[in-house]
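There are structures below to look over.
Across the two complexes that follow, chain A remains constant while its partner is chain B and subsequently chain C.
Now for the complex of A and B:
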């Protein structure tokens, strides 16, 4: 079957899913879509830009807190508040990314982690605004979107549009310039590409879409917590992208699917063992399957080209 | 004063982390987990050993040894396979270790907080400048220069220390000169793990031994190592004291921003001197 056929089949299957599946599975699918978007946004940096961020939870959290605060503190309805998610996340990504893209390799990862910890600490400590450890509760979508099926369709639409936008970005001249920066920053500079600006723009785009994922999750979850910005959260898109394969655009989506299903299967039986399981999988994937599971199915090998050195 | 003690624990953890990075080029995110395992081993050892004055000191010796063994198993079983790989993959692998070790500790010791009694001789407090000060902290503060001195002697006055310093400068050349670099990696990793274990074992009587302590100490040690310079011994020492003091005084003076301040300093250091205050830039 041609590719368009598969895609069409997938769309139809997702569209009719609410008719066949109980609400629990719709929620699972909603979560998969959100995590998939988060990981795909993250992978714009890792897979296409060769930059590995260890602090993407910061942008997810900014995207979750900004609309949640607007709803809670300013009384805005959800649909008006949600656009604040990508805006806040992009603003944060621009501010931090300006410094982060100046570094390379391990230091890039470490500075992104440091900024994410700052975001976490600010959220955690600023009790008056963010509620601190208690988070913000009762952040629900309007009645029309409150049922699992309605919110599922809403998420699917937003995630679908976001993925389309990301796909267009990856296939645009900018996307190809970004790949050249990943492959060889020095040569990219020689042919007239402003390496740092491309990296920063990619960082901001990636942050913005991570924010969309955060915003969708806030209203799905009905509450937001400082954990959203904690460093363990930053590893979620990394692990998901790694599981799915980072060299393909759809790898992280497949990874999100596998990750969430696995989490559900394992946590249902032995909730305590889930981190053990996840950690072991990560270790095994790195040692045995450097190309991710999609790589196992014949994808291109993941080139060990770390973050660009300008 | 308690800031200096905190700085001491931090120093032990971060010097091990820094050492491991200097030689093997792996940023060991599981180093906080080693610290945690050291503290939990201390809990068990103090319980198991007979209730004698020497028990505490034996436990203080055995706990780091246990952590050293754990480090050895991890180095030989896992890290050896990935030294040639992308540094970021190594980072992710050690993150996987955090999850695995964290769960294993939960399974072995349960979810409740534990505490380790201070040895009877050091249970009281002494007066320092008229202020009551727990005797145990005096011990920690007394040990600090001793440990630092011992490490300095190891690094600068033994052949093994010379090899380690050589490895931080140029590993390939060292290998070409006929040194068994693979064995050196293992030794360094084991040694660094033992230091983290010692830090955890020493800290155990001063804190609640709990499951979250791996992440807490990791983030702080990470800041210490980055500020001091990855791979720099003196840098870790100075920056550990600095961070320890900053943390205790910061909490008194401006509680809300002390941790933000810590990370802000780290971010500034990373931007201005990514290799740290006393580190060496990578070529």
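Now for the complex of A and C:
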């Protein structure tokens, strides 16, 4: 079957899912879509830009808190508040990214982590605004979107459009230039690319879509908490993208699906052992499947092995 | 020899350029002037400062003192991507390409950037400048390799690809740092003949370094000899060959000695 055929089948399956699945599974699929978007946005940096962020929870949290605050403190309805998610996250990504892209590799990762911890601390300590440790409760969508099926459709639509936008960006001249920066920053400079600025633009785009994921999650969850910005949350898109395959655009989506399904299967039997399982799976994938889950389907977009660098 | 301080009508003029690394004076007061259309070889023993000079001209390194004029304008301290926009292209001694991109994508990306489309996020890039990129790959003899990941190409083909990447930016001045490094003698002559042909066709000015004297004397119009960070001699190939200083420090003892 051609690729478009598979995609059509997937869309139909997702569209009719609410007819066949109980609410629990619709919620699981909603979470998968949100985590998938978060990890895909993250992978714009890691897979296509060669930048590993350890602090993407910051932009997820900004995207969750901005509309939640507008709903709670300004009384806005969800649909008016939600656009604040990508805007706040992009603003944060621009501010922090300005400093982060000046560094590379480990230092890039550590500075991104440091900024995320600052975001966490501000949310945690600024009780008057954010509610601190208690979070913000009763952040719900309007009645029409409140049922699991309705919010599932809403999430699919927003995530679908976001993924389409990210796909366009990856395939655009900007995306080509971003790959050239990943491959060889020095050479990229000598074809006229301002490497830092290119990285910063990618960082802001990635942050904005992480914010969309955060905003969707806020209203799915009905509440927001400081640990959205905590460093453990930052590792979620990293692990998900690694599991699915960072070399492929769809890898992080496959990773989100595998991650969430496994988490559900394992946690309902042995809730305590999920981290142990996850660790083992990550090790197996890294050693046996360098192209992630999508490698199982023969997806080898770069054709040469990553080890062939040097 | 044109006077670099006049810099009128010169594509490249360098005045009193110095650069040191710790206690080593790598470039020690270099004056250099290159006229448009020149095919200039810069030769000198290892450590003479050739690569450092290239890195200074191309903005990869900052010089300590001195001035660099490109096309009559001072460009001292400009970063590489700005120099590239002004028409300076270069290749590196160690091949520098985008290894996990196909040969075609390598050249396409260079075209996209040259035409300032690299911030465009709306168009699919796959078809943009495809024909131009394929034509350029044809020119350097890589048409058949266009779809392959550039990292698996043969060494010589990677050198050709890097040349194509640099040419995609339509430079006025092309710096080639040992373009034939690691190549077999026949291929060296081939690739330098190609460079000379392209330079002749387009009016491009080329400055290159090279260790193979056969190649240098076969293609260079003028030769500059660097020694211990300064210009030891400059002139047409015959003058340089006959220069006693050059023979002493570099080409070996004169036959009649």
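General remarks:
What we mean here is this: the second predicted complex is superposed on the first by the 296 of 310 C-alpha atoms of A that agree within 3 Å, B and C clash if a C-alpha of one lies under 4 Å from a C-alpha of the other, contacts with A are read in each partner's own complex, and residues count from 1 in each chain.
Throughout what follows, contacts are C-beta pairs under 8 Å (C-beta built on N, C-alpha and C of every residue); 3 or more make two chains touch, one makes a residue touch a chain.
Being a predicted model, the structure only gives us computed values, none of them experimental.
The superposition on chain A brings chain B alongside chain C with room for both.
In the superposition on chain A, A:233 makes contact with neither chain B nor chain C.
Of the two partner chains placed around the shared chain by superposition, chain B is the only one that A:273 touches, whereas chain C remains out of contact. When the two complexes are overlaid on their common chain A, residue A:187 makes contact with chain C while staying clear of chain B. In the superposition on chain A, A:287 makes contact with chain B only, while chain C stays out of contact range.
Of the two partners, chain B and chain C, it is B that touches more residues of chain A. Contacts of A:56 after superposition: neither chain B nor chain C is touched. In the superposed pair of complexes, A:260 makes contact with neither chain B nor chain C.
Taking the two complexes aligned on chain A, the least Cα distance separating chain B from chain C is 14 Å. Residue overlap on chain A between its contacts with chain B in one complex and with chain C in the other: 304.
On the chain A side of its complex with chain C, the touching residues are 168-169, 171-177, 179-180, 183-184, 186-195, 198, 201, 205, 302-304, 308-309. Chain contact summary for the complex, chain A toward chain B: residues 52, 54, 99, 102-103, 105-107, 109-111, 113-115, 117-118, 121-122, 125-126, 231-232, 235, 238-239, 242, 272-273, 275-276, 278-283, 286-287, 290, 304-307. By the touch rule above, chain B contacts chain A in their complex via residues 27, 78, 81-82, 85-89, 91-93, 95-100, 102-104, 106-107, 215, 219, 222-223, 226, 256-257, 259-260, 263-264, 266-267, 270-271, 274. Within the complex, the chain C residues that touch chain A are 58, 60, 79-81, 84-85, 89-90, 92, 96-101, 105-106, 108-110, 112-114, 117-126, 128, 149, 151-152, 165-166, 168-169.
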